[in-house]
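Beneath this line is the structure, given in structure tokens, with notes to follow.
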Amino acid sequence: MEPVLAIRRVSKRFDGTQALDDVSLELYPGEVHTLLGENGAGKSTLIKIMTGIHQPDTGELLLDDKPISIANSAQAQHYGIAAIYQEPMVFPDLNVAENIFISHQNRGAIMRWGNLYRDADAILKRLGVTLDVRSPARGLTLAAQQTVEIAKALSLKTRVLIMDEPTASLSAHEVAQLFKLTRNLRDQGVAILFISHRLEEVFEISDRITIFRDGKRISTGLAHEYTIERAIRDMVGREMESFFHKTLSQPGDVVLSVRGLARQGVFEGVNFDLRAGEVLGFAGLVGSGRTDVALALFGIAPPDAGEIYFQGKRVNITSPEMATQLGIAYVPEDRRQHGLVMPFPIVSNISLPTLRRYINRIGLIDFDRERRTANEFRNRLKIRSESIATPAGKLSGGNQQKVVLSKWLNTRPKLLILDEPTRGIDVGAKSEVHAMINDLAQQGLAILMISSDLPEVLGMSDRILVMREGRQMGIFSRAETTQEVIMTAAMGQEAAS
Amino acid sequence: MQRAINGLKRWETLLFIIFIGTVLNNVAQSPAYLNPNNFINLFQLSIEKIIVAITMTFIIINGEIDLSVASIMGMAACIMARLYDVGVPLETGIVIALASGALAGAFNGFWVAVVGLPSLAVTLAGLVGYRGIARIMLEDRSIGGFPGWFNAFGQQPVLGSLTLGIVVFIILFLVGAIILHRSAFGRYVYAIGSNKEAAIYAGVRVQRVKMTLFIASGMVAALAGLLIAARFGAVRGNTADGFELDIVTMVLLGGVSIFGGSGTLVGVGLAILIILNLRNGMSLINITGNTQTLVIGVLLILSVLIPNWGRAVQTWIMRQRLRSAELAKGGER
Amino acid sequence: RDVVVAEPGQEVRMLLLPKFLGILVFDEANQGALEAAAELENPAPLIFDGPTPENSVAGQIEIVTNAVTQGIQALMISNNAGDQIAPAAQAALDAGLTVVTWDSPIPSAVGEQVFVAQVDFNETGKVLADMALSILGEEGGQFAILSASPDAANQNAWIAAMQEVLASDPAYANLELLTIVYGNDQSEESYNQALGLVDAYPELDLIVAPTSVGGPAAAKALQDEGLCGEGTDNSVVVTGLMLPSEVLAYVENGCIPEFALWSFVDLGYLTYYVTYLLATGAIEAEPGVMFEAGRMGTYEITEDPTRENGLRVLMGPFSIYNIENIYAAVGMEAPE
Amino acid sequence: MTAIRRLVRPEQLREISLLILIVLACLFFSTQINGFLSGRTFARVSTSVAIITVVAVGQTLVVLTRNIDLSVGSIVGFCAYFVGMQFTFDRTIPPAAAVAMAIGVGALMGGFNGLLVAYARVPAIIVTLGTLAIYRGLLVEYGNARTVTTANLPSWLVGLQPTNLFSIGDIDIRLMAFIAIVVVLVFQLGLGYLQFGRRLYAIGSNPDAARIAGIPARRTVFLAYVMCGALAGLGGFMFLVRFGDITIVAAQGLELQVVAAVVVGGVNIFGGSGTMFGAMLGAVMIGTLEYSLTRMTWISQFWKDALLGGFILAAVAADAIILTRIRKFWARTELTLAAPVSETPEVRRAAGD
């Protein structure tokens, strides 16, 4: 069989970084081809070259064996190449339906709103999600945005569909839905290029696998030729042990105690205690209100009712600054919007919440000390970058996440709230993060971990709190839970069947 | 080497080159340019604008804008003059005028930082409103005849051959540069300008920073208003009318992004030197005001356009070079 | 006493500074000055330089300050900066320059040697009042003033003089001044202000506009609203100080029955003469000095009755224009 | 509730709240000014805001794409003066040719802006701050201190301003107002129903995403500038019609009035949201305030500016506060469609960086 799209010996250099080094890849119709690689291995860069966002420095692209050059996205779409990007790219002021059909230059110059809504509804139905197609995209959660992105790509007549970590912010239910669709498309002869850091998923969906390391292709093969161990070895370049290093420890005093916490219309009746050295997992479907609880605890969207006791004292947290001073740190789920100042170098991002610590006698920033801290974290978390002076915006997704983690760990918090801490992080880094969470808990930190990655929640938590539609469904201890129990709680009745 | 090239690519370097160009041009054009008095005049004639440009730099880097500065200048001057006219001691009047500037800034800041309205809208209203207060103060009158010591501040040197305005500018510029580039506050200013949300999540007191900036902007504008009163020796309702555009132009030419988050005070300093030199040179050879404005308009556009083209050419050359290298390699096999 | 006559051919670098560029009257003044320069055979070219309208105050001060550096020897300023220009002008004087104002003086007279007055400012008030009276007639009526900006020194002086005349002479008892509004020398603002006047004061009969921009704009507004012009009873009309060539249409249709102005060409001519004589040392700026100004005849420097400490040369006279003489003024044949 | 929510978009909400504010202001002024609620007030305000409205429509096109055009005042002035001068040379120029000339020159100037912004990637504010000075400078050079006077204009042109097209009861719809209304309607429909219009929103909403979605962003922004210039040219023609006597300072400072109208009209200055109706209502709001203040004879001339400034701020603040209130209210009534946790103004980074 002929490949639909072939990439021949493509290289791409960003000043200082060789993002892609002489890479070749073939995509065949009717296959799901997965790209694996550590953060910064060059996966997204390759995709951006396939969609005309970046131009390769050298090398060529062949469509049906004919060389093509893709100058921009419109051209890529013309060739039948569509992509779902790692970071959702929605138009907040347009409504959902418009967002879905934004790339349809062939729908004519005049908008037919009726048709638009009908078609958008149909596509969303196929995806199995309920979203009001007329509501503006502003304010959609990350997951909802991701859904819109998927719908957008599906709406195009594509021969090559690229999905750059589409599942990173989806929970199991949505992922299953997405995979059903993906297989459908594959069976219709679409070539699918899939990227994910969740290895279980990868083996579930892939036909073939290609592994990148440091901008080079390391191996390509049929999925069943790979085992998880081999995949990891190819990605990381060395053997790695299993994922979750959970060490059980004796929990200490209660650090955080929440009673009847509520914010009108968002969540209500949240009650739990969190002890030092304990990891409390927050599970639930996307949109179940977990992030909102975190935001309430961190003072960004203070609650309307209920009590928060921190280290035994009743507190009323009204601003992030106050929360930080109390010793609460929050790693947000949307790192682009909330986590990082993209043009800032890594070092300034890390020191931002703790800048006051780096002030010298005459009131100026002590750059040396600031840099020393940043370098420490860069080494400890293995942040891949040219230096700590690299702007955060130029890092790969996973490395950005590590910067956000560094920034909050540096506040030396007593309570660490992690919202999807491993979203978009590669296996190596993921296990590092897990080890770190474990370490921190050992050192007596209280950790609240929100995650949509069920194995992660199960593997890392001492106890798991499950939420559904803004209500707390129960707290389960590590010993008594399984994926099924949690899913049932998270989805209510229908999931049980 | 790479570093040197990167240094060359900086906006400031380009500005510096343009600056040297204007100086050389002026020397060639007019013998009067090198007259030492001329250098003092050059600053003195725009001193109020360039003082306000310093706080404007902070505000724009912070992602906001303050269009009301010129009106605050006028308002403060008029308040002082009116108070003097009704018999309040000038010293008291000066303090009240400065306080009125701070208050106006705080008022702007309240709507922007606390209520969250766009600063463009708020300060556009301020532009109209504060000018209105200036008008109410003096109506159709002009008030002058201030004590000699006051006028001397605007007209006579206080330090060597430097006037008070120039001394104030130098001090504000140095202090401003240190605050902006070396202090935590300056870092917050950039952070908020780049990504306000992330700054909030990092516990930066965004409201307080914005409030501080607007108050400082109002107060410095009031100070500049008083300086202009001292320099002109008289105050009218239209004092400093329309200065806001010149001030914003200086800051933007200095490489400060109107969208916030980037720019340096050094760049703004260079832009100020360029504009003042250019205007001075043209004035000395009797090029009229309209043409001067036109030339500065062209310069403003070119200063962005040329580096853009430069970068495009550079990328193209690099790609060509890689291509040919690739071809050569291919040939070997 | 002696009447001093200028000795031609001496080199004096002179700068004519209008309020701002782009207004016809100042270009006419430049014409006059150039005419004088040719007559006096001054080898140095006359520089005509001015600020932009929106930057008039700071711009004028800048030009005056830079003139010293440039080695200009004589400045002729139509002051738009009120007393704010005084320090800069005084600095120029101190540096040995000759400083003469024309059209609009420095109110405090600080920094200027002589003011070349187009007309007597008190007389301007009377002329305005007389025109209002002649338009409204014995029984009088209500009128409003549409001025340039609240900051214009000469406009303010004329208006004050007019108010004084109205108050002091019972002949004007029936003329009622309702209000003063400002159009800032912009057509659009003046137009809207004129409309505002007719709406706010239903009994309004006349708008007095001592500004060459405000007058035509007001006339256009009234004409558009059918208050004056063809086929109406001219219930509200306009008068004031305007340029004949710019208001011909409104005089023809009756919206501006009468208006006044002086010759700006002559004003420029006379100013040049006075300045040349002062700069060459032929005359001193003292009261009682008499001199001959080319084709315009003999003039005398006197105390300025409208300003303390000021000296002036009074040009005069006013020309009052109406349908009878406007065609001649603009160099056209009167239609049958 | 859901039904209403689906019917009324937030943008329209803005307009409704602005409309309510205008009505309230009118009611207030009717107690202060004799005969305020009359056809005359309508005629006056509608004609006086007509020019601003037309130019504001163009400005809105550009602002929607997260750009700005500060040169519109200079374009209006240039076109008014230029066309007026052509009549001075030749009075027989037919009306259509005159209008076409104004629009053409305006479009050319707008095109120059657009070229620099869209293709040369110079930030809009820098380009148009520059061309604000450049176009005015060209006018000064071209004008050479001459003035366009009504005497030099053909009588059909001078007579256009008071022309009354038709009346609805007491209310006269004058030609100038009619032009403005037509322009608003046409462009409003264009925004809502043309692919081009939606693209403007998309680009302003998220420039990076627009590029990735394959929207021809450059061409669209360029065209927005051309149209903005063309509308400013049309505004210039209307300016000539209305004022007749044109000097080189014509329409100086108009850009600030236009931006004020757009901002008060709820068009987001950072792009992505706003409508032509909004811009028009903004112009009407400011026009009504100015109209009323000049006619309240007990208010001193010198208080006008201060009050106007206060009113503009009040309008913007009221609009914002009402809007957030209603949004919050709706958010509570419908859990699954909640508003964002915290308003996240889009990262205002330039498209060109």
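General remarks:
We just call them A, B, C and D in the order they show up, numbering each chain from 1.
To be clear about the criterion, a residue touches a chain if its C-beta (ideal position, glycine included) is under 8 Å from a C-beta of that chain, and two chains touch if they have at least 3 such contacts.
Quick caveat, the model's predicted, so the values are computed rather than measured.
Chains that count as touching both chain B and chain C, per the definition above, are D. Contact tally for A-D versus B-D: the pair with more C-beta pairs in contact is B-D. A straight line joining the Cα centres of chain A and chain B is 42 Å long.
Separating the centre of chain A from that of chain C, both taken as means of CA atoms, is a distance of 74 Å. Measuring from the averaged C-alpha position of chain B to that of chain D gives a distance of 28 Å. Multi-chain contact residues of chain B (touching two or more other chains): 135, 139, 194-195, 197, 200, 237, 261, 290, 293. Each of residues 140, 302, 342, 344, 347 in chain D touches at least two other chains.
Looking at chain C, residues 21-22, 52, 54, 150 sit in touch with two or more other chains. Listed by chain label, the pairs that touch are A-B, A-D, B-C, B-D, C-D. Across the complex, chain C meets chain B through its residues 20-22, 47, 49-52, 54-55, 57-59, 61-63, 65-66, 68-71, 81-87, 91, 107-108, 149-151, 153, 156. Contact residues of chain D toward chain C in the complex are 40, 44, 48, 140, 143, 145-147, 149-151, 158, 161-162, 239, 242-253, 290-291, 294-297, 301-302. Residue ranges on chain A touching chain B, taken from their complex, read 11, 13, 55, 57-59, 298, 300, 319-321, 323-325, 330, 332, 337-344, 348, 352-353, 355-356, 358-359, 363-365, 407. Only residues 21-24, 26-27, 52-54, 150, 179-182, 185-188, 191-193, 195-196, 199-201, 213, 216-217, 220, 223-226, 245-250, 252 of chain C touch chain D when the two sit together in their complex.
Chain D makes touch with chain A in their complex at residues 6, 9-10, 192-198, 201-202, 204-206, 208-216, 268, 272-273, 331-333, 335-342, 344, 346-347.
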